[in-house]
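Here come two complexes built around chain A, the first alongside chain B, the second alongside chain C.
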Partner chain A sequence: MAEPVLEVHDLRVTFDTEGGLVPAVDGIDFSVAAGQTLAIVGESGSGKSVSSAAVMGILPSNAEVKGEVLLDGRELVGLPSDELRKIRGNDIALVFQDALSALNPYYTVGWQVAEAYRLHHDVSKKAAFQRAIELLDKVGIPDAARRAKSYPHEFSGGMRQRVVIAMALVNDPRVLIADEPTTALDVTVQAQIMQLLADVQEEFGTALVLISHDLGVVAEVADDVLVMYAGRAAERGTVRDLFHRAAHPYSLGLLGAMPRIDVPPRPRLTTIPGSPPSPGSIKTGCPFQPRCAYTERVGERCITERPELTPRPGEGDHEAACHLGRRPEAVV
Partner chain B sequence: MPDILWFIIRRLLATVLVMLALSLAVYLIFYAIPADPAHLACGKPCTPDRLEQARHFMQLDQSTIQQYLNFLKGIFAGRTFGEGAAAVHCNAPCFGYSFPLARPVTTLILDRLPVTASIAVGAAVLWLIIGVSLGVVAALNRGRPLDRLAVGVALIGVSTPSFLLGLLAILVFGFWLNMVPVNGYVPFSESPVDWAWHLVTPWLVLAVLQAASYIRLTRAQMLEELNLDHITTARAKGAGEARVVVTHGLRGALVPIVTLFGLDLGGLLGGAILTEKVFSMQGLGELLISAVGQLDVAVVVGVTLFSAFLIIVANLVVDIVHGALDPRVSHG
Partner chain C sequence: MSSAELLRLDGVRKYFGLRGAPWRTGQTVKAVDGVSFVVRKGETVGLVGESGSGKSTLARVATRLLDPTSGRVEIGGKDVTRFRGRRLRPVRRTVQMVFQDPQASLNPRQSVGTILSTPFRAQGTRPTRAQLIELLHKVGLSEEHLERYPHEFSGGQRQRIGIARALAVSPDLLICDEPVSALDVSVQAQVLNLLADLRDELGLSYVVVAHDLAVVRQVASRVAVMYLGTIVEEGPSDQVYAAPAHPYTKALLSAVPVPEPGVTRDRIVLTGDVPTPISPPSGCPFRTRCYKAEDVCATTRPVLEPVNGQTEHRAACYFPEPPPS
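For the complex of A and B:
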């Protein structure tokens, strides 16, 4: 496997809030190599966005980040802020979920893309604007030279997301983190945006971290998958490990919840009952235990002992955090 | 662009209608006052004959409506009181004639305007700078001592009467410390240094008091703005904190601040009554107050209408500026 561009080890994020400490991310590891796609999946609140913000170093000041974030082997956690600023948007760029709120309503889209360029290149405003037009054109905005002078509210949702992608790509980043980039869009536009990301990745060899809860998309584009639950990794492996050899009851639940057209409908729809715990509320045992259909087969251990990631059969580094040793059969 | 022109034309037409209605209302109110201006003009002892003469000369013997129409006509065509050698001319635009001061109201207003404008504009620039910067500092230090200090200053500012602070300033800086002149106005054209030197205390007094509402408004707006997603985008692009706060944060807070500023300045230009009184400056406010004392109805009507006109113009300007500042309004 190629050298990873981005490596994250034992990342922990704790928020200091009025209600006490909130361990939103509780020790996760992942890595992604050039031209590869890592998908992070999990229900909302599982710590996906917080993890990506931690990698970018853009968490609010009440967040404490521990662990390692390595970009080409260089440690980013604890770097002075002006050093980090040179990396943000330049080597690692972020594509947000909601393009309308991610863009500043008071500036033209061309200005905003050009600003991202000027922040990392010593060029004239005019040259930066030219570069912005070039990028807007590249991400498929028709009549880019004219549209660059329009404001975000004058674009459709899909076009706005293209603008956000252009802004993220303007400095040829090594790593692109896309946090649910298509959630706010309708289905046909979703497919177009995913195609755009795939094209960009192929052209520039960008390492892509795709945060998504659309397993259909993940199956199509990801090389590796990290399944997060309550701020921790439930399972990780290659996309084939996850879709053919899922070892964690939570992953199985997600797969069951995924609408599939390639297999006949199951006798019973397996959505996951219940809702995820708030971060830190489950102190001992398995955080998925209250919702787990398999816990009875394991017994006490699920309540008393926290399962750590352990190797599972599969390609390479397939791991799951569950006391069930073998791949569980579907509970019918 | 034609859009904004139409908008301005429509608003100007509306402004004319509002001014007409307003002038009629003001006219009727002040002419309903039982005091008889002719009585004052006729002197003592006042024989019925002379009173009648004065009435006729001042055109007070006509019906109220006719007088109002004369007033309107005077604005466009000027007016002449009396005939022959004794005739008094009031050139267009004639907003009435003050018989006690023996001057056209227009001239009186134009004579006093530079004084009031000097006080108002200088103070406004100061309070805008003080208020906005303290508001930003407070927002950036939310909940910390600097924030508490700024909020405390604002609280004292809004609850202190201007004459009290004015008198205190005169006492301390004028008499005790003997640093600044305590009264009088020197025209800018005579000596810019003396002009500023005489104005610095009223400027500071007004600025300190007015800054309070700007601290509060800016703080509240900034707290809201800095929480928006596009602020995170700016950080993710690699923008430094100063750029994030000013270019992206303050830009969004600008519209309400400019609105308040326009209306405050428009109001103050109509006469800073208490400040002018305390610092013995012959501005519009002072003109109005002494006219009330002398039952000089023509001046009272003229200055009142002028102040109202300034406020209407301020509203118009604020709306136009709002359109220019918020692309979502102008590029609807």
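For the complex of A and C:
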């Protein structure tokens, strides 16, 4: 296994709100190596987006971050903001879900990509603009030299997402974090963008952290997967571990709940009863327990004792946080 | 003769005039540009397409929430194209709509009881408490929810309330506009199963408008694919998904990621974006992105014609895909 570029250990994020302290991320670990893709999967409130924002150091001031975030072995948590600013956008970059709000409507896209470059490179405006055109061309914007002088509103949703990706890539980052990069896009455009990210990764050896709720996209691009539930890791392993040997009832439930086009429709989809809990609402035991079909078989333990990640059969480091020792079978 | 027609659209067009900026005045957006479409009793028809394809506008014309610019809308065998106000009441008893975003389509200042009473009052009746409780039971909620307000519910529960409201007047046809796209995967499956249960219990028919092809595959027996305001292909779901005839359908299906690691799909990656419905291309609307386009495609718009002699499965293309061997 290649040396990881980004390592996260025991990451905890707590928000200080009017309603008290809310633990949004409650101790997660992950790592990703150059050229590899880690997918973080979860539903609303699972803490997947907060985790990526914590890694980038862009959480609001009422958030407290604990744990380790190591970029090439260098600790990012607790770094002074001017130090962090040198790293952010340069060594590690973020692609947002909503390209329209990530771009400034008052400036041309070329200017914005150039500005991202000038923040980290001492070059003339003209040279930076040339670099911007080069990147816009690379991400597949036709007639990039002319389109660089256009404003965000003159682009379609897919083209805007390309601009945001160009901006993220302009400094050749070692790690790219993409938070639901295709959720707002149509499926044909999604295919274009995922292809673009794969090409970029191959060319530059970028480590990619993909935050997604779409298991289809995950199956296609990820090497490793981390399934999050209520701010915790429910399961992690290789993409084949998750899709062929899911060991956590929640992962299994997600797979069963998803309609698919490659198999004939089932009379009913498997469902997970209830809905995802709000962060911090479950204090003891397993956070998934109220919705879990296996609780009865395990008994009290699920309610009283918080399950830790333990090894499961599979490739490499397949782990799940569940008291049910053996593999759950599909409940119909 | 097949079973009764609940909904028939004939050559429906819906154009929106642009206003505001001076350079836009006088231009029209051709949101729906000549659609004919039938829904029979007991059917679930999926209406799929990408943003800007006109699928939501079509749904709103079909429920007579919008007036068509031209064409005919028949509901329950009756021409209701020009109906307005009080005359629409019986139409509302036949066709109801479920909206995408339950957060936006429920009034936050009304209790669930008030929300569910509104359709009755619109029909000039008053519901009994027992009727309201029965509605909640139908969608998997209970009496205790009657006095609560929308913010006290999760997204999935709110969508159930939206469905209960649509069921209040005992309609025959529900038109659901992206009913699950705002929901988490685990909750999405609950709502899709609920729609299937209601179909079996109440004999409902559905039009499900969605951009998610897997969702439509799961619920629909028949599917219509829209592109730039027109239907480019329609037919039984099994046939359309297994053997798409229109190049757009084929590209669209090939773009859907499959949750099976290691399976690489033969993907047709379309170039460019959907053209603007202000000035759609001449001839076939898809020709500017089509990998099969030839000169003839730019001249006249192709019409829906049977695929491989099957009258149920039709596509609007001069060069339809051959069936897979």
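In this text, the second predicted complex is superposed on the first by the 324 of 332 C-alpha atoms of A that agree within 3 Å, B and C clash if a C-alpha of one lies under 4 Å from a C-alpha of the other, contacts with A are read in each partner's own complex, and residues count from 1 in each chain.
Basically, contacts are C-beta pairs under 8 Å (C-beta built on N, C-alpha and C of every residue); 3 or more make two chains touch, one makes a residue touch a chain.
Given the structure is predicted, the values throughout are model-derived calculations rather than measurements.
Of the two partners chain B and chain C, more chain A residues are in touch with C.
Once chain A of one complex is fitted onto chain A of the other, the partner contacts of A:Y151 are limited to chain B, with no touch recorded for chain C. Legend: residue contacts after superposition of the two complexes on their common chain; A:P105 is shown touching chain B, with no touch to chain C.
In the superposed pair of complexes, A:I58 makes contact with chain B only, with no contact to chain C.
In the superposition on chain A, A:A191 makes contact with chain C only, while chain B stays out of contact range. By the touch criterion defined above, A:E115 lies against chain B but remains apart from chain C after alignment on the C-alpha atoms of chain A.
Of the two partner chains, chain B is the only one touched by A:L94; chain C is not. By the touch criterion stated above, A:R301 is placed in contact with neither chain B nor chain C. Of the two partner chains placed by superposition, A:R12 touches none, neither chain B nor chain C.
For the contact definition in use here, the chain B contact set and the chain C contact set of chain A share no residue. By the touch criterion given at the top, residues 43-44, 156-159, 186-192, 194-195, 213-220, 222, 239-240, 243-244, 253-262, 264-273, 275-276, 291 of chain A touch chain C in their complex.
Contacts from chain B toward chain A in the complex involve residues 228-230, 232-240, 248, 251-252, 325-328, 331.
Residue ranges on chain C touching chain A, taken from their complex, read 50-51, 154-157, 184-190, 192-193, 196, 211-215, 217-219, 237-238, 241, 251-263, 267, 269-270, 273-274. Listing the residues of chain A that touch chain B in their complex gives 53, 56, 58, 82, 85-90, 93-94, 96, 98, 101-108, 115-116, 119-120, 150-151, 153-154, 164, 167.
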